[in-house]
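As structure tokens, here come the structures.
In the two assemblies presented below, subunit A is common to both, partnered first by subunit B and then by subunit C.
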Partner chain A sequence: MNFQTQRTGRHARESIVFALLRAATYAILLCGTLIVGTIAFKGAPVLFKPSFPFINTTFLTSAPETLHVFEYDGRKMELGDREYRAFRGKLAADAAANPHSEIRIPHSEQSYVYSAGGIFPCIVGTLFLVTGSMVLALFFGVSSAIYLNEYARQNAVTRLIRLAILNLAGVPSIVFGLFGFGLFVIFLGWNVSLMAGWFTLAFMVLPVVITASEEALKAVPRGYREASLALGATRWQTIRKSVLPYALPGILTSSILGIARVAGETAPIMFTAAYVVRDQLPWQVAKLGDFLFQGVMALPYHIYVVSTKIPQNEYTERVQYGSTLVFLILVALIAAASILLRNRLRKKHQW
Partner chain B sequence: MVSAPAAISSDSQTTTRMSAGNITFFPPQPASPASDGPGSESRAPGLIEIAGLDFYYGEKKALDGINLSIEANRVTAFIGPSGCGKSTLLRCLNRMNDLIEDAGIRRGSIKIGGADINARGVDPIELRKRIGMVFQKSNPFPKSIYENIAYGLRIQGFKNKAEIDSRVEASLRNAALWNEVNDRLHDNALGLSGGQQQRLCIARALAVEPQVILMDEPCSALDPIATAKIEELIHELKKRYTIIIVTHSMQQAARVSDRTAFFYLGRLVEYGGTRAIFMNPSNPQTEAYVSGRFG
Partner chain C sequence: MKTRSNETAPENEAAATPPPDGTNPGAHSPFAGSRSPLAPDSAQAVRRSLAARGIRAFFGSTALVSLLILTLITIFLFREGLPFFGASQREIALYRQAGLEYIDILRRAETGHIGLVRQLSDIRLRAFQHFVETGHLAVSDANARLAAFDNFADRFSDAIGPVRGLVSDIGEAATGIKTRAAVENDKAIQRQQLLDAGKASEAGQIKIEPVDFQKEIKPILDTLPACRDALRSTADELRAILAAAPSFDGRSLAARMETFQKRARAYIAALPGIENELSGWTPSEPVRWHASIVSFLTGREWITASFWQDWYGILPLFTGSLLASLIALAIAVPFGVGAAIYTSQVAARREQSLIKPAIEFISALPSVVLGFFGIAVLGELLRSLSQSPWLDWLPGFPIIERLNALTAGCLLALISMPTIFTLAEDALTNVPRALREASFALGASRLQTTLRIITPAALSGIISAVLLGFGRVIGETMVVLLCAGNRIAIPDFSAGPAVVTQPVHTMTGIIAQEMGEVVRGSTHYRALFVVGMTLFILSLAINYAAQKILRRYRLPSA
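And then the complex of A and B:
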């Protein structure tokens, strides 16, 4: 018998399809590498520096400032607004002390907004936004998942609710932004504030959290529920003691990953929570009640502003890529934290 | 029977709340039923009286006019081919079928200790405390052996550690598991063998001191040695508990039970002393089933 490969169309098609599938897969990899690579390549010089402590702490810990570029003594100077004022003040004082010296006070040749200083308020604002919306989304999402999966009878109403959840998942983020603006900012009078941003982001991520929580609840073996109920536990005791602990790792991981993604959304917060610039940090409020009702700066919105709302030049590009890199790292950290948390919980409740 | 604290008798399903002491499932039984022999046909009211019971899954009738009287401190076996309704009937007794949507009793009644368990105001939570259940697939919680047994106690509001300790030990001893696990009470229960897990589930059910224990094919996933241990245990337990066991194995029914009920297609075909059912069945269908000609 002859088992040699026959040169037929079948084989040719096989190799073409195989090559196509492989190419499509590698294209994804290429795309991802390009995105992360570009941002890392362009952002790293801003975030890191060659000398100790190797990280540009100014960029991470100070607020955005206007950059002044000017010539002084034949040197090109790049100073942030505060440094520039101090510099000028010192020169003026020197000039006043020595009236006969030839100290010239430079005036700014060029100034570029937001191109000096750092992005500390944006990092802080984003962290506050993410934490708050995470808490809200988990509360609402897990509650409704428990209700839908454990309590509610499967009827027309729950089908309608599920349909609504699916629809919610398909709503574009800008619509959520407008919804939040209309409901929270204007109707409820919360103004542009953390609260409004929290609720808008939370509602936006709700479908992800509900779906993930329902899946996690469904994965808990039926036997645990039956055993608990047969021992005379109420449904809530059963859920609290022998369903939720085992569903929690799954709920948390998927939810936090969903929230980390939503943290990157610009549209929902641009009308509801984000300020272009704000001098005070979130904890610099007169009274505690104001905390919830203050707007914050946020990384994605800052990137949007410095990339589209101001004249572009080499100085703004630095801020853009620096902020983007910090943002990527932040999101990666949130995701990593959620995975660590899941692994710890899994170890605690193995089944 | 100690009445449970009212605080934990809340029910999420029924709109009515059971007032404590409103319904007593098990009034003191004046006559000891043990005076009747296993095969005796005396018609004294049993502990569990099922009358004219029809049960439906949606529009499908799963139980059809079941009349059955189950005596206290006996082992009653439910046998019959798959889908004959024996598990459904078992799960009616502690209202586990409440959890299934569109399923329910349409006609007839179940009285346990004289009280209708499906009457308004009956709290299935209170019922299930008194009617323990062991499932086909052993389902210990993924917790320690100790915590598995303590689960039912904690749910009922036990706080005293010494008391929980002593009841955990007593339950494990009653389930003939103490000697095998007393040195590793705080190890995960999932590390036990299949047979040990099932005995743990029995111990867990015993810990809350039920009067009736329902066993839904408790040995179907076990090897012969583990099965023998559980059967020995059932013999031991029937001194203090009323046991109802659903089984696919006719040998098992013959070995462990005092009375046997044969079900076929949702009907109770024959019910009587186990010896009579196996040796001298009056119904030809029963005869065909127990002799292995169908099923």
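And then the complex of A and C:
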């Protein structure tokens, strides 16, 4: 009898503790979902339309403009800067044509910067930044991993390199920003530019890419290398033909998570690559050489700007939630692709 | 021949058993011996060997990139940051030579008095409310009842007059000296630049008249008797005023008045100390060599672009960073570790494959998005929640500022959670099976096994996970920049747990906020780099500690 009660008490305690742990787990997931959900809920009306083509193409394909809110003819008007000027120009012309009519030219009652138009330059800038830095990071990262996993021996230098990678992974992103500013922007004189941003971001994700690539290389069975070497292939031939092809999917998928991180970082590009506003698109440069040395608008930095530099109200909300949602979708696509790809490859490559 | 055969030997077994470098390659590599007789010692073979070496050197050099980056980060942070200490040292020296320090000593009497006057007006406000709301007096009647108090407060507030007059008079003289010294300094730099450019004649035209500090400071020093008189007369007058302080009937008001009087007496008692400091002050006393380091590390003020004197003290920023991070960890550790225990020990396979990608997804949430969420939703949400009456008992509620350490801390918790979860989960999963099985075999329940066997066995991994999570949040920029409130002041810890609802500024935030606006090469600019250096060193230390703990307490693998 005694034994029985003890057992049930124990069981009850066990299930309570486990239920608590489970609640903690799902609370985390709930927080994440709530945040994403709020942004999606508020941002969706900006991004999507009920009618064809269902997507607000203006928002995605035009540059940011100042929003003017004013009253005209008893109606509340909201116009972007260009339309507003055209509107006023037309009214002024009308007034000049028939001077006796009572056409009043409205004055902008309130204006909010960046709140009209779209975020096209920011999307483009982010894509350029991410692509460039990822190419650099993959180049240095995969080569480093090949050396560490295929060539290097356990000696002092290798240990030092591994220590450096480990420590580099913990350096705050703002410190990378300062470093990029000190080295690329000032010392090398690249100014605020794509190049400076590329290198800063690439160096920041390097530890992630190296670690991911090493894991992928380690996962290739030793037999593949030994067989290749036994057939008389050199070490490089072995790596190129019998190791890399099998490791590459793993390298790429894990590195994509690194891309997501690069795309999401704001602090390192604040003083190395991002402009608050820029009229030209990246390809509108006088000569090709200027391409690398131009600053760009970037989505994360734009979100920072629109959430701090303009007030929060119904007019500015659109650009704030809209840009955030676009950005989230961009990052989510990258991350989801990597997770899906990895799960599929795991099933495909089983040694 | 020996080296070449070594080149081609599979070295990935080195991971398991490090070969004694090149001493006897044949013993380790079955291919080495067979390769040498086959390879013809021709030009082709030499070329091939060279190519192999070239490739190896290429990969080796890319591997060195990480090391290079770490070195470059160190070099460039120090290159831009270290001159701060020299510049700051010069500024502190000028602060003393121009007599600003002298005036700041005197000004302490004024600031202390301002605090007391503020307390008086607070008491008046409460008394007025008390009379009107609980005593049901008309506004004019309430004011009439407070007439005696107002008279007392006015006299108290005017008593500082002589000191205030002196401070503003000699303040102007001191800033005048400082400005002149700065102008001469600029001229000297300009001349040096001209000389460097080889324009000697133009450089000769710039006349530098070095400021004779001893002569200039004389009028300020001569005010010492006047300062002494002002301080003494103020003290006497305050004492006289306090003796005739009005009293209140209400208990809480009387208590407040009591505290005020106590503080006022302590203030008066401290005035002779200020007087002594003033007479002991000498402008020619050299500034100690470590003054700038001390003022950076222990400075309680971060004041920039001030007409009086800039101070770069990291303490308010450091405490702000620490406060926000600790709030984050207080939330993230129970949840993150709990979730890790649940996922690794309790959850079924299917559930695991739902939780893990979901948490990875949270880790991919960009910090600027979380920051935006904080500014747009969470700040307001927390504030309106804090205003609901049934949460009144919580410290710091209702929240006054929308953006504060708590708002930032909640979001930082979400940022550190994936780090803590992933690493802790790894540590828990890697606990040898034998421990678990042995525990079950001894009749322990699942709960006992999980909490008493598995978790303690993985504790070193969990602690290092928490440390790395801490490193992650203390280095996080965007969330704190957007949500922490950005008030540069040491949080008032005397408020108890309510301190979490105060706005703070952080080390990362200040760099992001001010870096874009500073003049390159100025002291302020360098100060930001020193803050960056501090962050860098801090992150290395956290990393080191995490590794150390992991190594030191690792279980022998079964």
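In the analysis below, the second predicted complex is superposed on the first by the 323 of 351 C-alpha atoms of A that agree within 3 Å, B and C clash if a C-alpha of one lies under 4 Å from a C-alpha of the other, contacts with A are read in each partner's own complex, and residues count from 1 in each chain.
The rule is simple: contacts are C-beta pairs under 8 Å (C-beta built on N, C-alpha and C of every residue); 3 or more make two chains touch, one makes a residue touch a chain.
What you are looking at is a predicted structure, and each value in this text was computed from that prediction instead of being measured.
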Contacts of A:A230 with subunit B and subunit C, given as first, second, both or neither: both
Partner chain in contact with A:S242 - subunit B first, subunit C second, else both or neither: first
Touching partner for A:P221 - first (subunit B), second (subunit C), both, neither: first
Subunit B versus subunit C as contact partner of A:L160, first or second or both or neither: second
Partner chain in contact with A:K49 - subunit B first, subunit C second, else both or neither: neither
Touched partner set for A:R82, first subunit B, second subunit C, both or neither: neither
Contact breadth on subunit A, by residue count: subunit C or subunit B: C
Intersection of subunit A interface sets (partners subunit B, subunit C): 151, 153-154, 225-226, 229-230, 232, 234-236
Sites on subunit A touched by subunit B in the complex: 151, 153-154, 221, 223-237, 241-242, 246, 349-351
Interfacial residue positions of subunit A with respect to subunit C in the complex: 10, 13-14, 17-18, 20-22, 24-25, 27-29, 31-32, 35-36, 38-39, 139-140, 143-144, 146-155, 160-161, 164-179, 181-183, 186-187, 203, 206-207, 210, 222, 225-226, 229-230, 232, 234-236, 257, 260-261, 263-267, 270-271, 300-301, 303-304, 307-308, 312, 317, 320-321, 324, 327-328, 331-332, 334-336, 339
Sites on subunit C touched by subunit A in the complex: 7-8, 10-15, 18-19, 21, 31, 38, 48, 51-52, 55-56, 58-60, 62-67, 69-70, 72-73, 76-77, 79-80, 334-336, 338-339, 341-343, 346-347, 355, 357-362, 364-373, 375-377, 414, 417, 421, 445-447, 451, 468, 471, 474-478, 481-482, 508, 511-512, 515-516, 520, 528-529, 532, 535-536, 539-540, 542-544, 547
Residue numbers on subunit B that touch subunit A, as the complex places them: 4, 8, 10-13, 94, 96, 99, 101, 125-126, 128-129, 132-133, 135, 137, 139-142, 151-152, 155-156, 188, 190, 201, 204-205, 208
